[in-house]
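Everything on this sheet refers to the single structure shown next.
A, B and C are the chain letters, set down in written order, and residue numbers restart from 1 in every chain.
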Amino acid sequence: MTLLQFRDLSVDYTSNDGMVPAVRGVTLGVEAGETLGIAGESGCGKTTLASTVLRLLPDTAQVRGEVLLDDVDILTMKWGRLRAVRWSQAAIVFQGALHALNPVQRIGDQIAEPIRLHQSVAEKQINSRVDELLTQVGLPASRAKSYPHQLSGGQRQRVMIAMALACKPALIIADEPTTALDVMVQAQVLDLLTGLVRDLGTGPAGGMGMILISHDLGVLGTTCDRIAVMYAGQVIESGPALEIFDNPKHPYTRALAAAFPRIGDPAARYAPTGLPGDPPFPGDLPTGCAFHPRCPIAVPACKLSAPALVEVAPSRMAACFEVES
Amino acid sequence: MNVSAQRRRLAMTRFANSFRKDRSGMTGVVILAIFIATAILAPILIPDAALDVTKADGGRFEGPSFSYPLGTDESGRSILLLLAWGTRISLTVGIAATIISMVLGTAFGIAAGHFRGAGSHALVGVTDWFLVIPFLPLAIVLATVLGPSTTNLIIVIGITSWAGTARLIRAQTLSIEGRPYLERSKALGAGNWYQMSRHVLPNVFPLVLANTTLTVAIVILSETTLSFLGLGDPQAPSWGALLDRAFSSGAVSRGAWWYVLPPGICVVLVVLAFTLVGRAMERIVDPRRAS
Amino acid sequence: MGSKVLRAFITLAFVVMFNFFLFRMLPGDPIGLYARGRNQDPEQLVELRRALNKPLLEQFITYLRNPFDSTIDSTRFSRPVWEMIGERVWPTLLLLGTAILLASLIGIWIGIRAGWKPGGRFDRMSTGTTLILYSMPEFWLGMMLLIVFSVGAFGIPGMFPVGGISSPGVDTSGPMGWLNVLWHLVLPCTTLVLIYLADYALVMRASLIDERKQEYLTLARAKGLRDTMVRKRHAVPNALLPTVTLIFLSLGFVVTGAITVETVFSWPGLGLLTYEALRGPDIPLLQAIFLMFSIAVIVANLIAELLYVVFDPRVRS
């Protein structure tokens, strides 16, 4: 069953210099029980895309297309209905847990807040639920009384995960959940997150779905079922995670995969392929394929028109003229 | 023309262009232009006789009329003319005191941010002391000791209002101190004076300028208050002194609103204008600080 | 925390020393300064000269032993200065206490409404108004209120007393007396409230605008909280912290208002006493008042810093 479906979704930001497109016509789906990885450099539109799921974009953003959560379009929902959907059906694990937690509220209260809001539970049960959640993420229940600044970065991120699981949502969106942590802690937190999503989400409607956003293709390759790679606001390649990582089709994905080699892979050591240049500024995109100025295999046609995302192998999609032919 | 002068001129043009787009800032500039013109033209337009109590020809506390658009004071002088003359004195005191305050504030701020150790601690201590001590009681004791005169008023306001600037400049200096060009300059053996005047000062200068404009506003309010309390020169009718005389001569109990209302409106307009210009400058110079 | 108390004591020590030396280190005859422009009672002059002719160090030590026991009486009222200050404290506390309380409640409310939707209609109107109030000399506002609402002008009849804390002959110990005091309090208090709230509203607005950019508010929205709840539960508690501290820190500025507004309304507090002292000038009284105000402000600053420690969990640990 399809849990979440983006249909031809576009987001433009109004700025002083006119409209800046951040997401350009994305169509993508997440099945129940599936983990979808979204990869790409910063500024490619992955966070904007994820924010449309709960309609958290600022007023300057204009959204077109459809975001279907359980076949209901989020974008046309009434405010009251939307508030009820937020967190109870889809929850977010934010990037920087230090700024995402309220500094002057105890973390127990912050975890309990969505439970109080969305579920009619007795006050006593709320406390035991908070304790249970904290234990699940590997923190002592006594931590409920702490303030965010009293925890380490990894502990704060665990609190964020406990909070996201609080209402047992059908979908979890994890936006770079480990970027701010050091490498050892990164692996622990990521294992915890994927483990809990797999174990907890088995209900009648199928398992919990997750969108995991990262710039690290290596991480996504090992933790996700499927991966979509974004560049300049578009999906340029998608398919099963391991296949994409081991055998990328699009030249951009190839460069991304090379930037995060698998540990112990000798090939990567002899052919380091950094990508020249920076991602384009969304307000000033190149003509044709947005990637062509940085592309090692660009042909003249790339400057003239943009390639469509088409099936290039069974269950593999890519948007590149060179891959099609 | 050398490179840095060219760069500075470019920055000035850019600043002027952004400022012109700021509506509230430009409103402030227009108001100020009118008051400054009045202050400059006052001695030409106003005959000395208009200010002389013995030569005044109006009645006591006359309401507004054709010959006295804003009425007369307790000795029959035209309040409109007194007000115009007061513009000159209030602006002069305001600007002169601000210059003292800025020089002190910038010097203390840069020195406190640049030096290390006991000297810096002492400077910060002095600054904090002036920040904590309530302004008006301090100004009153200083002005009482020095005696009432316009010069003393300028000095008193100058030395009681620099501390806020010093703190701001010190913070800015500390952030500049860590930058590579200053490190290099230190490594090359530049002296303290050279570092402070060539590297730190030009960098804090835009902020000093915005802060100066905001300080003038506060200083003019301080001048009005101190003059109202009778701590200015009784012979120099600044707006505050005008309000002092209105109060002591019983204009309030007579309901002579034309004597009280205009000086206050002038103060509000000038202070507001300086505040608007200062805030606009701050928005351009340091968009992070001004929200 | 101990270091904060220590710093307050050092500041205080400097005030005490400054207060002593300022009036004695000036060239010329100190008696001239003490008795400037006044006909002094010869007996009092002799007393004054005796006190001031002692060696400076001895004077200083006498002073340090007890800065609050002025050996020199008020030159204008010929009474011990601290006794006079003691009598005048209560009216000032009543006026300032009421004004600060009302001004902070109204100012914070305005700041919240304006800062939550910056650039909106309420914000543009309130920020315009607060900026004008901020630019206003408080005593001028007081004089205008007196003319309009006490003397009566522009067709408005005079409704409030011209000054003082109570009408002559009214016993202020009974309920009718309190009402009389309240009636006298209206205009001076309104003046101060209008002036102070401008400052508080601007601070609260800026503080809330800072908080609006924080990510924890996005999280609160994502949890499904209503906009009002996001504001009340998350944004305001965080924005209130710096504002409340600033209200305490602004006591130095509050004192300025007290001096001039009490003067305009003949409110018999410390502010009016200051005005009476400086019209003399009555140096012993001025010195004592300066010391008194400085101590009040230093203590308020210390309280502000300690409050921050109590209310902000980040500083507490």
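Simple rule for what comes next: contacts are C-beta pairs under 8 Å (C-beta built on N, C-alpha and C of every residue); 3 or more make two chains touch, one makes a residue touch a chain.
Keep in mind that what you see is a predicted model, and the values were worked out from it rather than measured.
Peer 1: Based on the averaged CA atom positions, which chain is farthest from chain B?
Peer 2: With centres defined by C-alpha atoms, farthest from chain B sits A.
Peer 1: Which chains, taken as a pair, are joined by the highest number of C-beta contacts?
Peer 2: Top-ranked chain pair by contacting C-beta pairs: B-C.
Peer 1: Rounded to a whole Å, what is the gap between the Cα centroids of chain A and chain C?
Peer 2: About 54 Å separates the centre of chain A from that of chain C.
Peer 1: Roughly how far is chain B from chain C, going centre to centre by Cα mean, in whole Å?
Peer 2: The separation of the two C-alpha centroids amounts to 23 Å.
Peer 1: Would you kindly tell me how far, in whole Å, the mean C-alpha position of chain B lies from that of chain A?
Peer 2: Computed value for the inter-centroid distance: 54 Å.
Peer 1: Which residues of chain C are in contact with two or more other chains?
Peer 2: none
Peer 1: Quick check on chain A: which residues sit in contact with 2+ other chains?
Peer 2: none
Peer 1: Quick one: in the complex, what on chain C touches chain B?
Peer 2: It comes out as residues 7, 10-11, 14-15, 19, 22-23, 26, 33, 118, 131-132, 134-137, 139-141, 143-144, 146-148, 151-154, 162, 206, 209-210, 251-253, 255-256, 259-260, 263-264, 274-275, 278-279, 281, 283, 286-287, 289-290, 293-294, 297-298, 301.
Peer 1: If we count contacts the way the header does, which residues on chain C are in touch with chain A in the complex?
Peer 2: Going by the criterion above, the answer is residues 214-216, 218-226, 233-234, 237-238, 241, 311-314, 317.
Peer 1: Show me the residue ranges of chain A that touch chain C in the complex, using the header's touch definition.
Peer 2: On the chain A side, the touching residues are 54, 56, 83-88, 91-92, 94, 96, 99-105, 113-114, 117-118, 147, 149-150.
Peer 1: Give the list of chain B residues in touch with chain C in this complex.
Peer 2: It comes out as residues 125, 128-129, 132-138, 140-142, 144-145, 217, 221, 224-225, 228-231, 240, 243, 246-247, 252-257, 260-261, 263-264, 267-269, 271-272, 275-276, 291.
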